[in-house]
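Following are the structures in question.
After this come two complexes, each holding subunit A, first together with subunit B and then together with subunit C.
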Partner chain A sequence: MNKQNRGQIRIIEAFLAVLVIFSSFAVSSNLTITQNVRKSGDLASVGLQALMTLDSDGSLGRFIDYRNWTAVRDSLDTVLPVSVCFNLTVYNDQMRQINEVNISNGALGGQEVASVEYTCASQSAMFRCYMIYLQLAVVE
Partner chain B sequence: MPAISVDTFFACSLMVLLVLSAMAATSKLLYPYINNVIDSSLAERYREVSKYLLLNGGTPSNWGQNCRANPATFGLADADSDNPYALDIDKVSRLNSENLYAMSYAQIFTALKMSDVSFRIEIKPIFDVTINLTATFQLANETSYQFEILTQKNGIPIQVELKCYAIAEDFLETSYAYASNGESNFNITIPNDVGGPVLLVAFAKATYDPRIVSFGVYAFGHDSTSPKPKNTFLRLSPLNHSLTTSFVYSGINLSKVYALTVDYYSILEQTASSNQSATYNIPHFLDSSPTLLVATGWNSTVFFTEWTTYPQIPLQIGANFGTSTLSNVFAYTYVSSINSALYECTVWLGGPKE
Partner chain C sequence: MRKSEKKLKANSSGQLLIIAALAIAVLISATTIYVYELGEETNSPDTKSIGDFILALKQSIRNTMISSLANASKGGEKAVLAANLDKLSQVVRSVHQFGICQLDYTVLNDSEYNSGVWLSWNASGFGVSSAYANFTLKVNGMGTNLTVGYSLNTTTTVTISGYYTQLADNEKMVNLTCRVYGDGENALAKNISLSYENLGSWIPIDSSNNLSIVDYGNGTYTISFTVRVPSDRVQVSADVYDARGIFVRANTTCYNS
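Take a look at the complex of A and B:
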């Protein structure tokens, strides 16, 4: 290889290096997963506070005792911010799902979902304990 | 210049360009993540501050009731309640600038003792009640007014039971309605010998949870001129279950003063009076509802009605972050209770941009 060819090879090498590195940037930027921890934490906090508010006078336990799923859905729908959609599942103390209908105000779809687990004790004469799983997502 | 030198120069230039591009790209890629970490810690701090405002009662714990005292440390929680996010009715009322004993933003800012945190607090009912007068039918001895009442939360209808009060000179009439789809139409008939203007008060209670209550007020002329804006004749300041009515004009004579809730109403008893003001006791009602206080009276020959609520909501106090670009602003919304009724409380917090 003569001296002139050596120079051309260096330029080709440099171009190849530029191509390799820029293509790696292009690929890696597509591979990065955006994790918005704050958003999810806020949403869980909002959901937990909503359940605590509804349970503070025993309303939530009473609705579940009477299997009044419409009241559960409508109460949550009113208390939660408008842009939040939810899906709620109620289990009894033997972890059997007791809501036979879907308690939801819309599909959670492909959004980032926050989950809240809440234990609700009924204030009726007979002691009953329920496990409530609430999933929340912000409607984009 | 030999060809090899030119080649080497180009190669070196390309390498320098490459390194600079790599540095720029790296910083561009990492910036959102670094920024997000700062934002997350800041958001977490502000979230704790917002909780502190609503879960802590301040000192002294009864600073809301004592109209002459300003708190040493600020907090809105009800000291007598076991429920979290239960706010004190008097502490909330003292945030409203309409109240004679309201705290200023500077006083609250000092009591908060956080020099790098600006804030804004908004407390309002969970949903809105809108009253529209749709038709008027004038008859020989009476006039019938047709109203449309809308109960919505950001445009979404709320199913409610309605209780309406119409108040005029020596006149109080109640009526009930039901809005299954967030809309109700009803009529009020008022004899023509009753002096106006008339104040229509509508309480709306969610059918599935009686703690979710809102209200709307609509004033209209009835055989009289149009009603004057709020606070034209009186300044109403409820505090510690006592209503202070301060006269704007010297020739004002008060007649009846009413306290209205969803389930009850009462005519208030005057406890003190002077030529500048009068004071009334506000009863403790048992239902989960704001108390709407309506004062009626005369300013020489003009009949008037003035009103306020206890707790004195809706209210907004604090810094205006609307057009601010100099600070990071975070908003936190909570459902708070005041005397068992539920309200939406939003706290905005901001500080210098880092």
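Take a look at the complex of A and C:
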């Protein structure tokens, strides 16, 4: 093997070494992406916790009873983290949509969306039961 | 000899480089996998989600119990609890986030509870409005097969005690202490209405009776007012609505201090 060929082999070997190291980075980054997908489950959990917080003293049911959609949106906006945008739909016990206005703090388009189903029972003496669908996404 | 060793070292240095790179790659991958597994173990999002879901359903059941008790305590039928729980079960059946959900219940019927509701307002010194039911929640879905059983009791209790001080003629100054409890803990009252008994009829107490109510903010209220009754005892009734809208009546008899 002459000196010129040896030099070329050194370059190929170094290239292979760099390739091996970078391939490990590629595998690692794929694992991180899988973990991000898992995080959508956490976002759903955040949404469920937010609805439970609003419902703990019967506020959520009361707002819906009085069709106070502004209060629903504002209180949800307060309870959820700043970087989370949401879209909420309310159905009655006959599964008919009752919110005539859009309850949202921004568009969800383009982002990964987590969904939450929540059964809301009002505390008022005149019992009413609602089904709430909450969609959430993290704003980049 | 030395020259050939040097030559061998020079020839194999590239292979050593690749082996070292492989070792580094294995180390990076192993560390990343370890960190990922560790994160997955601590988060376990699926278990957490189903736990949150069950908690949310319990919240709805609790609200249904409060609504039913508020209705029954205001003169509604006691069967309203079963009717409302039926309605809730129907809505729960349409939740499919974790599979098929089914909520079964049994309202308590015993010496105190009738159709899951107990209203005891005639005892001296305290009044109770309570609802009690047992629940079984079944969730059957892909990878989820869960049955949760539990009991739920919603109770508002009011205690009242007091005495009077004789003023001029038949006029008496009555001092009362009223305490409100919601599910065993101190709770606030939304409204307290008082009345006293005079010659067989119940007369509402208002500002003309110099009514004064001091709210201590912890479910304790001290009440004072003046009444004109000829008898040596004053019978007082308190109608209390707690913050959840549940009604309780409590009666007491005040004697001269």
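Here is the rule we use: the second predicted complex is superposed on the first by the 104 of 140 C-alpha atoms of A that agree within 3 Å, B and C clash if a C-alpha of one lies under 4 Å from a C-alpha of the other, contacts with A are read in each partner's own complex, and residues count from 1 in each chain.
We take it that a residue touches a chain if its C-beta (ideal position, glycine included) is under 8 Å from a C-beta of that chain, and two chains touch if they have at least 3 such contacts.
A quick note: this is a predicted structure, and the numbers were derived from the prediction, not measured.
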Discussion item. Contacts for A:7 in the overlay, against subunit B (first) and subunit C (second): which applies, first, second, both or neither?
Written reply: first
Please work out whether A:82 is in contact with subunit B alone, subunit C alone, both, or neither, and reply first, second, both or neither. first
Practice problem: In the overlay, answer first, second, both or neither for which of subunit B and subunit C A:56 touches. | Solution: both
Where does A:70 make contact in the superposed view: on subunit B (first), on subunit C (second), on both, or on neither?
first
Note to self: On the A-aligned overlay, A:18 touches which partner chain: subunit B = first, subunit C = second, or both, or neither?
What the structure shows: both
Using the touch definition from the top, say if A:102 reaches subunit B (first), subunit C (second), both or neither.
-> neither
The intersection of the subunit A residues contacting subunit B with those contacting subunit C is 10, 13-14, 17-18, 21, 25, 28, 32, 34, 38, 42, 45, 49, 52, 56
Contacts from subunit C onto subunit A in the complex sit at residues 14-15, 17-18, 20-22, 24-26, 28-29, 32-33, 36, 39-40, 43, 45-46, 48-49, 52-53, 55-57, 59-61, 63-64, 66-68, 70-71, 74, 76, 80, 84, 87-88, 90-92, 94-97, 244-245
Seen from subunit A, its contact residues with subunit C in the complex are 9-10, 13-14, 16-18, 20-21, 23-25, 27-28, 31-32, 34-35, 38, 41-42, 44-45, 48-49, 51-52, 55-56, 58, 61, 93, 95, 115-127, 129-131
Note: in the complex, subunit B contacts subunit A through residues 3-4, 6-8, 10-11, 14-15, 17-18, 21-22, 25, 29, 32, 36, 39-40, 43-44, 47, 83-85, 126-127, 153-154, 156, 158-159, 206, 208-209, 211-212, 332-335, 337, 340, 342
Per the touch rule, the subunit A residues reaching subunit B in their complex are 3-4, 6-8, 10-11, 13-15, 17-18, 21-22, 25, 28-29, 32, 34, 36-38, 42, 45-46, 49-50, 52-54, 56-57, 59, 63, 68, 70-71, 74-75, 77-79, 81-82
